[in-house]
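Here the chain labels run A, B, C and D in written order, and each chain numbers its own residues starting at 1.
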């Protein structure tokens, strides 16, 4: 394990990334609350500094190894063998970068739309950033759990304080859903800790062997936490409410990075720590994924609320992600990880776009719109990029991810591949329908005379557009990071005891 | 063997119990406070029998001197005239008799079965030779220094708290 | 020898320039950028064709697009005979239509947007035909679909236009669904998606059977049919033909370029490109041939009674595409591609002429309200007449040679359904001639039936529009001359040229039979024209009488066999109904949410009961505490005893 | 010599009387006094134990108890004053703000 302890940055870069936003929070606390422009500037500068600081991760990451990189390890509570242990591998690195980028965009898009309790708003956003980066970097289970739960509080406030009319219901629902899941995960963590001789080290836990029955129980304990976050069918119902009621920045964070934590959890914990159980549960997970894809898609066809539609489309898209991950082959898993990133970019972009127009019209009802393309041509052009990336058109990132997932899914189970491919038809249906009703046809009353996007909004939207095409045309730029980690993970998962394998086959037989 | 210690104990025990009963049964709180004053003196005397001069002293100074005066202040401050006309006990006092009786039986039963462990170093002779106050002081300022500091903090907070509580309500009126 | 890269990337550069700077800077000069770029592509395409004629072919990867485990796909280019012909077709039509659009779209508020889309379309179409692997083909495939979506819905403030664009995209997605799974099967079978590797291994799997969704199927048939799904969507064959007639909502140059000459033929191109796979499966070929023949007949019958100028031509396109599939299905890929090539010219010409007519008529499309336009717009009339003669199969014109080759190879080929599809094809040839000339006669002959205002406004179109018409007309007449069969003394150069890629379909018949087939097709062509002349020029009252006599038939045909209504009834409305009433109304609201909200409210109800214990009276709390102490003490004591 | 048990029984008796007073009286001031009574009962037993065990730590504990009792009395009485100002009563059965 010693050779994995490398930190090529030369300084504790991950700690800096985690605590830099908190430094910004400290600075914000010193600013007078009436001085809103300074508050916004401080938040913006902090988020940009965080992004710049995260760029060395991208440039100096060693793609030839699956080992953890940029590792930091300090004893924290030695009595319980708890360490302050951080590190990144090819699976997590992209999400740290995405988080730092998305935070900038969130600050930008909220520039004028948040008028109440501005200071607290930006503090919440920065705290969320810090906690999410912490989640993706933690290599100690205890530390991970702390960040995992810490993220809940500011997110709860973001939805509950700055949200729409029904915000409190949505916030409480979000909170309770997530909490119920993570409490079960806590039990699972403690069981692992005790079984493994008081060890919280994720890397070491992932190289041990556990009894099959215990793995199954732990799998479901972790499933409770991660499936809620993803969200998988049938625990997805918090997402539409949370997305709909959250302020734009909240929706963007939620869509872009927060729900990725669930899928990341499967990749980081369920699969490597519980390989036999994961293999055995593959049919169940794939079934749930396929249901999510089709179910989420069809529900979108009957939505009347802009944000709700995109929220349900997230359910569908995250179904692709879990399908890819549990296909347990290279294409599926790499596609799944890429699709996590893609979904972050695309759905994040869609919510940013919706936020931009919501600021102007203050309505989320699709029927209130129409003909936006006539009055806001630049905005329409940007939004259609997001739309088609969401549909998965080649040359956008969505295509690469979905194609690889479907290929992997098809390899793992033809039925799952075929059924989920139908999600692509449905996806085109609801997204184009949405686009038509909002942007095409005659100009609606509430839409007439709207101003096109300004420089600030462009600055928030264009990075997403650039990423969509960059990843779509040259996906290797991102996928190059994950090849080794995915290979290692798959070796771990598919190299289990005969017990699990035979059970998988049995279940497969039953499924057929 | 003289019967004197038993006789003294008998008197004080009897007085303490009677005074306690008087304290909790008087209708007028001022009377209760007065009976309690007497009770505290009796307890302090009993401490003297047990070679605890310092404790007896603070029993008189703190309890009788400070706390009871505080009680008296409050009773007089609130000027409870109607208290004398209203009922003394809550309706469910028979239940309380049962419970407190039960507790007494339980406590007494357990106390009767007490057996002492090995004895310590602080013999009566030692205490009488060095004086109780000095011995206690030595223990307090060495072994129990930290709890002692915390106790002072508790008192400080109590002072601040009492002022804040009383003052805030005054202002709101 | 990298100059061929200019072919797709010149239009792409034009697209980027126009879309970024068109709105603010370039504005009404957008056509210069796009047209010059496409013309440049055309020149390079011609050079490429020369190279290919001199025996050169290219198969080169540009860079790795996707890499995941053993899945590796590059952006790469394959240039062989088939590609070269497609390049010529695409760039020629595209260039001419760009020029035509300068006049046609003049003064439109989205001028720059229109040209950006056209350039993007050209880029995607070129990427499609130049691909050297299935995934890049898919890239171009979806890309042209995207442009089609944009251009059909170009007048996006019209609901019908945006509906049509959406419909086109979604219907195509149904086809792409099968196409995508076909690509998965190819990858899983061959471990690669490059044409050369796939096709060279295909023969080795000629007898392989696989388990697909629990069915034991012949592998090559499966792959071929899945790929054919894509073709059905893109080339508007039964049952996914419904989008093409609606696509006529787009500007006419778009209909000419995308929905006649190039994009819709991509399906035929796909089948031709994959001929090594299709040839291994007789079942698949029969399906292709029958689909083509049925669609062809079906669309032709609808075309008989339509009154919308562009829709008639659209149904004619569907019908002709069916012809091409018919050819591929009987193994005559060369004939299919030959027809694709000639069809591009005369069908683009037909559409552009229709555009010219619309231009003069102020957007009117109903041919019942036209007539006698011949004297107002002579160039349009003559070019359109020649195009119609070509499509009707009049000897010597382009359509005659390609159509005749198809019919002959269907008749004489080895395909078990050859004779049937030949008969159907001949019937279609008759119908085609009839409705094409019904269109001509109603539009250009007789008396004018529109408003006075329209009549006053009638004029010939500007030069930018008529010059492309005349150039295309040359193509419609002469493009077939490269494939004149040996029978009538030609060299059949086209077939020879294509042989390395598409193979050669042998006709097994005597010269006499070949003459007979040709004679029959010429005869039905002329009789179709004759019947149209009789019904619409000599006896104009006759169509009304026939309609009255066969009212039910007319109604079914006029309403396109109610296919749209059927889909709406069977697919769209049930889906929405399920979404609204089952998923949102029951599953989400009554099942999941009932549990999600039910558990907390059950806990809440229990708490409300429990709350009654909290009296708020100090004595109650104290009493309970004391009892607790007593009980604990008692337990401790009893344990000690 | 008085046996330890006598002191302990006395302590128990005083404690029980304190409990009885606390549970029955309506006047919150008297209840408070009952509380003091209970504390004193504990103190008696502690001092007695200390004496018989020859260990001064019992006294230390008593010392702290008296300290805490002083603090508690001051705070408690302040609360009573505040309460009386608001409710104008010292009868606990007339206060049920905590009712659920």
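Keep this in mind: a residue touches a chain if its C-beta (ideal position, glycine included) is under 8 Å from a C-beta of that chain, and two chains touch if they have at least 3 such contacts.
Everything numeric in this text was worked out from a predicted model, so none of it was measured.
Undergrad: Closest chain to the protein CA centroid?
TA: So the chain nearest the centre of the shown protein is A.
Undergrad: Return the chain pair with more inter-chain C-beta contacts, choosing between C-D and B-D.
TA: Here the pair linked by more C-beta pairs in contact is B-D.
Undergrad: Could you grab the centroid distance between chain C and chain D? Build each centroid from C-alpha atoms only and quote it in angstrom.
TA: Roughly 93 Å, centre to centre.
Undergrad: Report the inter-centroid distance (CA atoms only) between chain B and chain D in whole Å.
TA: A distance of 7 Å separates the two centres.
Undergrad: Between chain A and chain B, what is the separation of their C-alpha centroids in Å?
TA: Result: the chain centres lie 63 Å from each other.
Undergrad: Taking the mean of the CA coordinates per chain, how far is chain A from chain D in Å?
TA: Centres of chain A and chain D (C-alpha means) sit 58 Å apart.
Undergrad: Check each residue of chain C and list the ones that touch at least two other chains.
TA: Those would be 619, 623, 626.
Undergrad: Which residues belonging to chain A are in contact with no fewer than two other chains?
TA: Not one residue of chain A touches more than one other chain, so the list is empty.
Undergrad: In chain D, what residues contact two or more other chains?
TA: In chain D, residues 19, 23, 93 touch at least two other chains, as defined above.
Undergrad: Taking the top-of-page definition of touch, could you list the pairs of chains it picks out?
TA: Going through each pair of chains, those in contact are A-C, B-C, B-D, C-D.
Undergrad: What residues on chain A touch chain C, complex-wise?
TA: 173, 176-177, 234-238, 295, 298-302, 329-331, 334-335, 371, 373-374, 377-378, 381, 388, 393-395, 399-400, 403-404, 406-407, 410-411, 414-415, 417-418, 421-422, 424-425, 428-429, 432-433, 436, 439-443, 473-476, 479, 483, 512
Undergrad: Over in the complex, which chain D residues touch chain C? Could you list them?
TA: Against chain C, the touching part of chain D is residues 19, 22-23, 28, 31, 92-93, 95-100.
Undergrad: For the complex, which residues does chain C have touching chain A?
TA: These residues of chain C touch chain A: 19, 23, 63-71, 135, 138-139, 142-143, 146, 149, 153, 156-159, 161-163, 165-166, 169-170, 173-174, 176-177, 180-181, 184, 187-188, 212-214, 575-576, 578-580, 583-584, 587-588, 591-593, 596, 600.
Undergrad: For chain D, which residues are in contact with chain B within the complex?
TA: The contact residues of chain D facing chain B are 1-2, 4-21, 23-27, 29-30, 32-34, 36-37, 40, 43-44, 47-48, 50-57, 59-60, 62-64, 66-75, 77-82, 84-86, 90-91, 93.
Undergrad: Would you pull the chain C residues touching chain D in the complex into a rising list?
TA: 611-619, 622-623, 626
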